[in-house]
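The following pair of complexes shares a single chain, chain A, combined with chain B in the former and chain C in the latter.
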Partner chain A sequence: MAQGIRAYFGHITDVVTTFWEGLSVTLSYMLRRPITVQYPDRVEKRVADTLPPRYRGILEVDTAVCTGCMACERACPIGVIKISTDKDPGNPKQRVITQFDIDVGKCMFCGLCVEPCPTGAIAHTREFEATRKHVDSLVFRWVPDPAKPVPFYRPVKGQDAPRAPVGEILRRCLAAASWIERPSFLPEERKP
Partner chain B sequence: MRITLGLDSTSLSRRYPRLAILATLFMAFGLPLGLYVAALAVFPLNTPERLDAMAEQWLGYDLAGSPYRYIVYTAFLLLVAFIAVNYTAVFGGVSTWVERRVAGRMQSRIGPNRPGAAGFLSWVADAVKMILKEDTIPAEADHLLFRAAPYFSMVGLLLPFVVLPFGEATVVTDMNVGVFYVAAASAFVVVGILVSGWASNSKWALFGGIRGAAQVMSYEIPAGIAMMVPVLMAGTLSMQGIVRAQGGWPWQWFVFQNPAAFVAFFIAVTASLAEGNRTPFDLPEAESELVAGYHAEYSGFRLAIFLMVEWANMWIMAGLAVTLFLGGWQVPGYGAEDYARLLGTGLLPAPGWFGLQLLSMLMFVVKTWALVFVFIWLRWTLPRVRVDQMMSLCWKYLVPGAFLCFVVTLVWQLLVPPAGVAFTGYALTALALFVLAKFAVATRRNISKVAGHRVDLGNW
Partner chain C sequence: MAIDMKIERQILRRTETSDEEIVVNFGPQHPSTHGVINFVTQTTGEIIRRSVPEVGYLHRGLEKIGEMVTYPGYMPFTDRIDYVAAMFANEGYALAVERLLGIEAPPRAQYLRAIAGELCRISSHFIAVGTMATDIGAATPLTHGLRERESVNDLIEELCGARLTFNYHRIGGVSFDAPAGWSDKVLRFLDHLDSYIQEWDRLISFNQIYVDRLANVGVITREQAVDYGLVGPNLRGSGVQWDIRRDLSYGAYPDFAFDIPVGTGRFGTVGDCWDRYYVRVQEMLESSKIIRQALAKLPEGEIMAKVARKPKPDAGEAVGRVESARGEMLYYVVSDGSEKAYRLRVRTGSFLAMGIIEELSRGIMVADLIAIIASLDIVAPEIDR
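For the complex of A and B:
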């Protein structure tokens, strides 16, 4: 009997103490800052800039330091990269890149192309937003015009290649045109 | 080419940020304020004698002797009902937004924040979406009862508004059996729940309906006995009479005037939570077990009615508790003689009277919203109780507790002199303030316990 009475009033005390604990915890969370990041339009910093430095986002090529060795094309397990080279008609000793296409729609961001690159010309950026209306538009042409090919870069011994900071070229290209308008470095959209 | 409908709320509010803020302010403050002012203008006139006198004086028309007088009276009553129904709908909508935002922050989320400023218009968007949806009735359902069920719930929600006092003069009618009437009329909601559960011809809905019936019928008892405590203290069943027996200052509220009333307040609030099917007593619609319980088969506008009843019921529950225990519309520092003095003897009262009336409505609204916040806060703190726990809480704890409060109040009213009541008022108010301060400190400590966490109300 006495035990039953103790249990009865023990339940009431339990209710009061646990309510006290629980309500103060939930109220304290109401007064804290929600951890939600309001992507995409209400962020203090671009989300791409907050990602870790080794994030494997969209590939970027700095053609100014590309040696045209095609190591990346060979390394790619699924044939995302397509490079064509030619002789410079004006200077037969100089070879040029006439085509450097990366199909971001197919890319699986494995990073195997980045590893063999002797100059760091091809690199992963932290950019990840490249929505296009058509999947074909995701083929990024790093040599936009075959008529204006880019000469091979010759590495200088004991000197690092003057690679542009990773991400800057791509960001400029992406910012130049929103996804509604077509960026200049993209191929023409396939007619349905 | 990008095709937009132009009704995309995000793009609209981004294109015209001022428009969004204006629309939000209108919906958040203009609409309720307009309804309050309309209520204040219409509710006090709502007696045949006043209407007769006004028609006599302004129009020179003898309404009392006219054969059309009942049409006029009915039109006036419909106007009153229109205001009350609209207020219910607006409150139901706004409280869903408040609930979702509060719930969001309590769970380290944000909640709906896109349509309108701070996402306030999301309740309008929800309502429009619900109304545009197809109203499906299951083939095997009992069509007549299925269609009728929402009306029962709706009626149960709207009837208590007849006696719920929003202000000194802002009440539709002051029945001399007000408390009894509210207890009886609000039980209509469970008829809707039971009927919808039966008519849906679905196991989940039926379980929900039967749980709802068991729950509401059990909790009517502690709720009724706990509500008797302020009735005993005021000596009247009239809602206005109970409010008039209290005062504006906290130590003049019934909840602090007697220790039994203090306990009865918590019993009444718990029991009304259970009657309104709010968490932790939302067994009739327990999502994890019963999909959506009694309204599992409903869609479109009928579902909207059920949800509106659920949320707007919070206003009834909180308003009732405020009226009975927390001093209702009483403004600190103003007594009955101030209202009488400002009212004057003319046909229309002085502007000062209207100011005081608005102030008294403000008191009621602020207290009620505070209690509504507590209900929301409880919902996002407590898990749902089991059916057996729900029953044992009612029959083993609340019913004996309410009876004890009832008896103690009887003895208290007989034996304790007015000085003792006043002293209890001060003592219990001080105790409540002390407990609140302790609670604030405990909450503050919870935040500072985690490294890097601090009070921050940003990230809306």
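For the complex of A and C:
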């Protein structure tokens, strides 16, 4: 009997001590610095700029250095990339790209298309915010006008392709789509 | 209004006193089922007569997709098989196709695979133990676990560019070498982890209420665990020392010394929910050991073997087995000599864990069923593929 009572109260003591043990860990977090990032409106720096360089964000194509080899189109397992080429009507020896569409709404950001590109024309940026009102608007047309096609780039031996800095072209594209209003549920943007 | 109350009281009395059976659909949209699974549960009051898992809500035909895309093109799809620990899904597939092609990844790639895999195991186990505590009723540990997982994700993101669907492995190697200064960051995290596990134990593992809630609940005996084909921590929780990393070693694992924690029945019987829980906590420390050894011995050299862009293996079949966070993950690939697989089969740990639930659920309380499901570390997409 006495043993039973001792076990009973011993158990209660165990519960209380281990409970306080756990609670002391929780309470110690009152004194530590929080690591929460208040995305999206209370960050010191744009989140896209804080990501590691290998981050696989929205794809960007610098058509000026695209050789039109279509390796990226063939590498994509789900057919996100659509490239059409044609002969240049003015110069039959020169081939041109008339269409280079990437359906970002369908893309799974796997990076398989970036690997075979000989010039680095197609690359992942660190951008990930491209909200649109309709999913069709997520098709990025890197040759905007089929009437103004882009000639194939011819790689020069022993020389790197003059690729524009990754992310610049895409940022310009995203900024041009100025009709993306700031959602009403976000608080006013704070002036620095 | 008064009549309503009367009827309600009558219903209450009936369920309290009679042994009338009620069939409850526990799921498919229930936070404790860890995904979209339905447990069709026959209950009498609080006692469960029988609970049968009904799977398939997350079936996406990933095995069929394997027959429709090229061998390298299937790699991003393997991420979706088990998105909580995608590294292992990548690795198993890469191993199977490498065996089919008769090639092997270079040593540096194999070490990087081991490091990335063990990091991924840590992050996956933090989800497992954190959600388990939440299901039992302790809300805080999950937030702590998720915070640690985010630090691991930061490291993996730096390595391969993604936080969830890594797509890091390639057939014949890995896609990226470790960036400069990365190994120091990993070591710093491991130092933090080793001390953090102690804090975690103080926070929840040895909390008497938590222990009382799990000890002697859902006991899986050694024989049962083997008979039902359980794998991974669920099997080791029952005291069976079986780990693919040691017993059917692959990749760089023969080079590392590590222990295989098993359930000991510290607070109850061997194979109860607490044992399965604590095996996972200890495995995180073992992973930390493996990563330290791998970083110390990391060989120089290539990270990719020579593989054609669209490989066409000779007709034949191959099996890739890896020890994922949820136990053995097996890929079976059949080739007919073309650039797409003829048949692809995936066998996963969570699916094997579903079989034993009906057996365990007889005669237990409803709340214990939740503890059992949580302790088996089920990830719904891995069950259904």
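Things worth noting here:
In this text, the second predicted complex is superposed on the first by the 145 of 192 C-alpha atoms of A that agree within 3 Å, B and C clash if a C-alpha of one lies under 4 Å from a C-alpha of the other, contacts with A are read in each partner's own complex, and residues count from 1 in each chain.
Everything below uses one rule, namely that a residue touches a chain if its C-beta (ideal position, glycine included) is under 8 Å from a C-beta of that chain, and two chains touch if they have at least 3 such contacts.
Computed from a predicted structure; not experimentally measured.
Touch criterion met: A:Met108 reaches chain C, while chain B stays clear of it.
Of the two partner chains placed by superposition, A:Arg6 touches none, neither chain B nor chain C.
If you count the residues of chain A touched by chain B and by chain C, you find the higher number for C. When the two complexes are overlaid on their common chain A, residue A:Met30 makes contact with chain B while staying clear of chain C.
Of the two partner chains placed by superposition, A:Lys87 touches none, neither chain B nor chain C. By the touch criterion defined above, A:Arg172 reaches neither chain B nor chain C. Looking at the shared chain after the overlay, A:Gln38 reaches chain B, while chain C stays out of its contact range. Common to the chain B-facing and chain C-facing surfaces of chain A are residues 11, 19, 22, 24-26, 35.
Contacts from chain A toward chain B in the complex involve residues 8, 11-12, 19-20, 22-36, 38, 41, 180.
Those residues of chain B lying in contact with chain A across their complex are 2, 14, 102, 104-110, 113, 377-378, 380-382, 396-397, 439, 442-444, 446-447, 453-459. Of all residues in chain A, those touching chain C in their complex are 11, 14-15, 17-19, 21-22, 24-26, 35, 51-52, 54-56, 75-78, 108-112, 115-116, 124. Chain C contributes residues 69-70, 72-77, 140, 147, 157-162, 165, 167, 175-176, 179, 199, 202-204, 206-209, 309 to its touches with chain A in the complex.
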